[in-house]
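The chains carry the letters A, B, C and D, assigned in the order they are written, with residues numbered from 1 in each.
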Amino acid sequence: MAANIVSRSLKRVRKLLADGAAKHRLDGRELIKVRNLLHECASGAGGEVSTRRRAARLAETYQDLDDDGRAGFLRLIATEFGPDPERVEQAHAAYQASIGEAAQWEAESNLRQALRSSRLRILTQFTALPQGVKFLVDLRADLLRFLARDPALPSLDRELESRLSAWFDVGFLELQRITWDSPAVLLERLIEYEAVHEIRSWSDLKNRLDSDRRCYAFFHPRMPLEPLIFVEVALTDRLADNVQTLLDENAPVFDTEQASTAIFYSISNTQTGLRGVSFGNFLLKRVVDDLKRDYPRLVHFATLSPLPSFRRWAEKTPEAWGCAFSTNDLQKIARLLPDGSGPLTAADQLPQLLADGQWIEQPRLARALEHGLLRLAARYLLTASRNGRPYDPVARFHLGNGARVERLNHLADTSARGREQSYGLMVNYLYDPDTIELNVEAFSTSGDIAAAAAIRRSIRD
Amino acid sequence: MAANIVSRSLKRVRKLLADGAAKHRLDGRELIKVRNLLHECASGAGGEVSTRRRAARLAETYQDLDDDGRAGFLRLIATEFGPDPERVEQAHAAYQASIGEAAQWEAESNLRQALRSSRLRILTQFTALPQGVKFLVDLRADLLRFLARDPALPSLDRELESRLSAWFDVGFLELQRITWDSPAVLLERLIEYEAVHEIRSWSDLKNRLDSDRRCYAFFHPRMPLEPLIFVEVALTDRLADNVQTLLDENAPVFDTEQASTAIFYSISNTQTGLRGVSFGNFLLKRVVDDLKRDYPRLVHFATLSPLPSFRRWAEKTPEAWGCAFSTNDLQKIARLLPDGSGPLTAADQLPQLLADGQWIEQPRLARALEHGLLRLAARYLLTASRNGRPYDPVARFHLGNGARVERLNHLADTSARGREQSYGLMVNYLYDPDTIELNVEAFSTSGDIAAAAAIRRSIRD
Amino acid sequence: MAANIVSRSLKRVRKLLADGAAKHRLDGRELIKVRNLLHECASGAGGEVSTRRRAARLAETYQDLDDDGRAGFLRLIATEFGPDPERVEQAHAAYQASIGEAAQWEAESNLRQALRSSRLRILTQFTALPQGVKFLVDLRADLLRFLARDPALPSLDRELESRLSAWFDVGFLELQRITWDSPAVLLERLIEYEAVHEIRSWSDLKNRLDSDRRCYAFFHPRMPLEPLIFVEVALTDRLADNVQTLLDENAPVFDTEQASTAIFYSISNTQTGLRGVSFGNFLLKRVVDDLKRDYPRLVHFATLSPLPSFRRWAEKTPEAWGCAFSTNDLQKIARLLPDGSGPLTAADQLPQLLADGQWIEQPRLARALEHGLLRLAARYLLTASRNGRPYDPVARFHLGNGARVERLNHLADTSARGREQSYGLMVNYLYDPDTIELNVEAFSTSGDIAAAAAIRRSIRD
Amino acid sequence: MAANIVSRSLKRVRKLLADGAAKHRLDGRELIKVRNLLHECASGAGGEVSTRRRAARLAETYQDLDDDGRAGFLRLIATEFGPDPERVEQAHAAYQASIGEAAQWEAESNLRQALRSSRLRILTQFTALPQGVKFLVDLRADLLRFLARDPALPSLDRELESRLSAWFDVGFLELQRITWDSPAVLLERLIEYEAVHEIRSWSDLKNRLDSDRRCYAFFHPRMPLEPLIFVEVALTDRLADNVQTLLDENAPVFDTEQASTAIFYSISNTQTGLRGVSFGNFLLKRVVDDLKRDYPRLVHFATLSPLPSFRRWAEKTPEAWGCAFSTNDLQKIARLLPDGSGPLTAADQLPQLLADGQWIEQPRLARALEHGLLRLAARYLLTASRNGRPYDPVARFHLGNGARVERLNHLADTSARGREQSYGLMVNYLYDPDTIELNVEAFSTSGDIAAAAAIRRSIRD
């Protein structure tokens, strides 16, 4: 049976990859073979069995190639299967001539048809393979890595992204709860994919799925057991202000009947190949609905989020330190510095002093820094921007979804990464069901950032 | 919750429809409202809740309209949300100027972008609704009915068909067996959708799902319990030659351990709105695989199919009767005719004689007609064509899938419809796993029709 | 494979039964064969394959027998596989001798062991067959029919009932909702099993599963798709007083968001072979829990129940009519009687007058009878008893479950059966969560019947 | 809702246990409370809610007790809820008087009824609790630990075992395959329960579920995700002779299309509380059926099993060494011994020499021992017995299931446990579908042990 051949060969392929087998180059002879195969695929001749066999051969060939080979393979698709410029020209002329007449609509349709390439026809044949959709998502991940190499690839990427966006329409995604009863293969992937706070072991994971936690993910019907995006939630009775406490395996389990607050403490996109296809907004919305149904007493929905680019921005923006740290602050800090650390006369000397992260071990020094760092971070979140949008990528995500900046927390992530990215600070974004839509609207039309009064005040002083 | 509002309002809509509630006209005032709503949808402003609310209002508005109103609604989408011709012109100029240079690919992509309309953005918002995909499929069914009315609609239809084709990619469909254990709501739909041989009652249906029968359907993950296409199969030990026998509820159950032959006796497409999106080829392939796994002794896979346009063609093609009926045949027939039926001097008088279907009740007359009718039907299947493809729609389907014309059967469907469509004849198309791919290839490239030697011979004499 | 042989042979058996195939007698020769087979089963020799083969042969043999043969077969089991009286005697002597000493417990255990028969070992072998549990339940239904024939059978029946009670422990049952999405084979069984208000067609059934209805059943894991007991519920806003109205397919669907009251209008036990194994109590309890979760506004849970033995009792209890109908009542009635119906001088003449059920068609006569009939029924429910328990079987069930007699309804079931059983009357039993446990206790310890004050008053006057 | 109270309280109970909370003693006051509660349970008064509440309180009380308290609790049930000796005496007299008459059967039934105790009624109330069945199985595990303490307990144990046997009838068990797709909570339990070859980590487990492995377990519908017994299978092309090789995580995956042999290398019973309830026989039978369906080329089904009591027996049976080791063997061995290990003049000195397991590190010494050890083990398996059954518990299991002793393997389990239990030897038991039933029969009736000719020969020489 062809189906068997295919699935076996795809398995072999995965095996090769897993084994780190030496990849092939796309040399002259191979190139001719691949080109022929691609043209066959584009022609779409034959029945289902032929299609599957071809798709399987193409997939195997692709998988066997090294990076240069793959880039070459994709370039072939990008450059040799585009539309015919002459046909486009004629269709365009007819279109422009028809504007305002009844024929306009058909002419438009014909022009669109003339522009249709065979590229997608080649790529979408993979859906006939078991796990073919995942294969295509992974191929796009390759493509994204190669974009800068070759001006022909971005165009192919846009076509593929457009198709993936159609397939991964949020209407087609399924929200599922993930628990300790979920398949091990799925939980293993959470461990692998968690991007925000690394899952260190199966027992760490089990703790994150305990009775006072919730984990949700979106799945696509054709990629079962493969989460697309997932969120980890803690049920508690206050706005969490420290992630190490949240993740402590020895902490007592919270009695969820007392829970007033759901903390989204980790949100991870898992498929690089789906960049540009967004579904975070919907995920949070549905998670809130599900939580509310199970715990009618929940009233607050908030995140405990990192500020991944805070330090990078702060080090590039010395003037901001001056606004954030008062003279009084500086004096207090100076007094606590070890003798050898030199004089502290101006706020813009602080970045250097804080560079090695040692200060976090000194409670009194850390306390002296608190006020200034919080004000600095408030300024960062409310004013720092890039291309007209918030500088911080996590802020972009949550503000775009209608959240507001609720509270900044000092010494909230004291891990090495926490110090390095954000001087140990974390932020709570609050999702207030009553204002979400207003915030989305205000943010998208005029870039207004919603924030708690205290935060807003702290940068005005 | 918005979700509730939406699903309730959609329910109301279905209720109204079911109740045959009076539909609204799209008068001037309503038109303005709809136009505004569409523009809001196209803008995509706001978050998920806004999107859903808007989609629900749009769906409700649409459902409330009468046919003229709906056609007007769709025309609005087709004509006011197209691309901007000036922007297209500029992008096209840049594209043509870049041909052969590195910039060509981006220019192509920009041109495609310039052509992208907001129409799909409006239509795909419905996927956010529960049952939104089904709503869109039904909307396309409307659109297909309106195509001839308005030159603007075919263009919209092509865009929508293209998106539906992406969504209903066979890779995304699920094959399921349907049995008497299936949900009643699904079985009720089979009764409603069966297009070939009407299902007269629940007990007729139960008989078609008995142990010597199989029924398979394709489903889409977002339209559960809604079959897209289904096939009914009888397991037996010979090439079935009569459909009334197959459907006889009182016939004994065949012992499937003795089965050598699977007869596909009914294949129904159920969703008008998916016209142009084909999956029949894949369905049969997978059904054959599944049957083989369960019954390793099965060797023959064939249909028992109607010839829906045979009589229409035959009545328009009097010369064909002359080739099919020998003088000898005619004499035999003439002798059996009642006195008042006039002289029978030439074959082209036969259509009129057979017109009222009474002949089928006279066994000797029916026998005298057999030879000629079979030759006439063979000629029809092997030579009659329209637009370069077989005249018969069922033949187009099976030949395109790689089957061959295996046998013609006289008195095979003696129902009123059988007589009317095809003088009671039916045909077996044979799916021979060894030649399917060859047949698909030969048929698609050169239009060759595969047929058993006996059939082929019968038109050569 | 043995498994195949078995399942095929069991299928053959069911087929024979369904076909009404002539059954065999258990003649001398056959008797010897069966006896040998039973002794082999009792010995339990061999491995799993032997066990299954034997069980399958035994099942087939049993199924092939006519009623006399089956009774003989069961008698064989009852009489030849009992305990050994001598061994029992010795064990008993040892037991009595040990009372009060440490050895007592082992002696008791030994006596119990000596009493253990091989009967159950034979019968429980059927569980190895697919559908073997259902086979055993059906065998018990036979056994119950034969009880009166043979003094040896009741003893076997008690052993089997005891084992079935262990297997069908309510802790092992699963509550499932039945909807129009349920498997057709299951719905077909509802149609067949409904014992209270006949389901006339698939569309009648569909109406009973509409959005303002609920249907629940208990299932056993080893008898899937085979409901053990089921209840039909209507959601509405008042205490229903007429069953024809409830079952009217053309009645508008009630908006469940307004529902304050759940009416259990039909409860059917389906498996005769499980007589003595009770689960109704648990069913209603869990159904109430499930309804409350889905419709938090529901406050009343009540039945609309028949009084199946009311008329039988009333015709045997002429003196009760005298209490129920006042002289005034009798005069009113007398005036409305047709001339030929004779004089009406005393209430005990009424039964005869009402015998043919014609009165129900005469609105004025029916109205004149109302007051008396309601008082008569109240007396029946609150005072009529048999063996110290309520005379009415449905009353026994609901009062034992903690319900109270809430209201009697005149002209509530005007079907032929309704007139015949209960002069058209029906009763609402109310399940008030606050008093259920008290009622259960009071009823089981002192036979107290809970009833609404109005009912109670109506028999005091 | 009572249901919530119950499930919460049971959770609390589990929590307490897990937390190693201090257990209570069953002092005088508590004793009175428990006794009252037990009597209430035995009376069965009240409705479902009362029953549940009582069962929950009883379960909580029991869980809170320390071991002495629990033993006392169980003693209460055993001694105070037995039958009434006087009633038994009367029923027995009536029974004996009726022998041979029609009344015998009812009299037997009455005697059985008189012997029925309230003990089971108390214990089976737990089934009303979520996870109540598991609770009861665990309670029996306690009971088994306490048996020797109190002569009253074995009697209670036999009643409970009898009920558990009815509930865990193999007809009620479900065979399920366990894979890496199975719920993590279930896999975690495998890690915990594996009794033969410890699972060291999640990656060790994943290796045992790889594509060339299979794992199956039996489940009870009321103890989901809780395996009762499970078997681990390796697919390979030869009779495996070394368990370390089998469990090596770095070994290449075997291509199952080449597999001729299925090796059952670990079978674990998981529930101590189900001792005496057997299902191993059925498990292997069904696993073989399932494997055959998936891999039609599989022809051999064998185990790689430990000989857990081999060394214990060998050390107690010095004369057997004399038969097993020839003079020639002894001379070879003597020559390889280190100087200080003393002279080796007779075989019965060997046990001491092998005691510390060092010999296994010396390849030449190990080789010299091979012949004798294999003969010694053959003698052990084929002749050593206890209570008329094989001495080795694993042999008892497999021989009872119809397997034959196929091959003994030297240096097959070189782990510390392997050396300690069986001088590193392991054995293959072969399940030959053609002879299983014969073997079962011969073993159960006359104790015949099936063995390969070579094994048999090796003890005859």
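Here is the rule we use: a contact is a pair of C-beta atoms (placed from the backbone, for glycine too) under 8 Å apart; a residue touches a chain by one contact, two chains touch by 3 or more.
Here the structure is a predicted model, which is why all the values come from computation and not from measurement.
Taken together, chain A and chain B share no touching chain. Distance between Cα centroids is largest for the pairing of chain D with B. Chain B and chain C, compared by their mean Cα positions, are separated by 50 Å.
Once the centre of each chain is set as its mean CA position, chain B and chain D turn out to be 60 Å apart. Separating the centre of chain C from that of chain D, both taken as means of CA atoms, is a distance of 42 Å.
Annotation for chain D: no residues touch two or more other chains. Those chain pairs judged to touch are A-B, A-D, B-C, C-D.
The touching residues of chain A, when paired with chain B in their complex, are 1, 3, 45-50, 78-79, 82-83, 85, 88-89, 92, 95-96, 99, 102-103, 105-106, 108-109, 111-113, 115, 124, 126-129, 132-133, 151-156, 158-159, 163, 166-167, 169-172, 221-222, 281-282, 285, 289, 401-402, 436-437, 440-441, 444-445. Interface of chain C with chain B (complex): residues 180-185, 187-188, 202, 206, 225.
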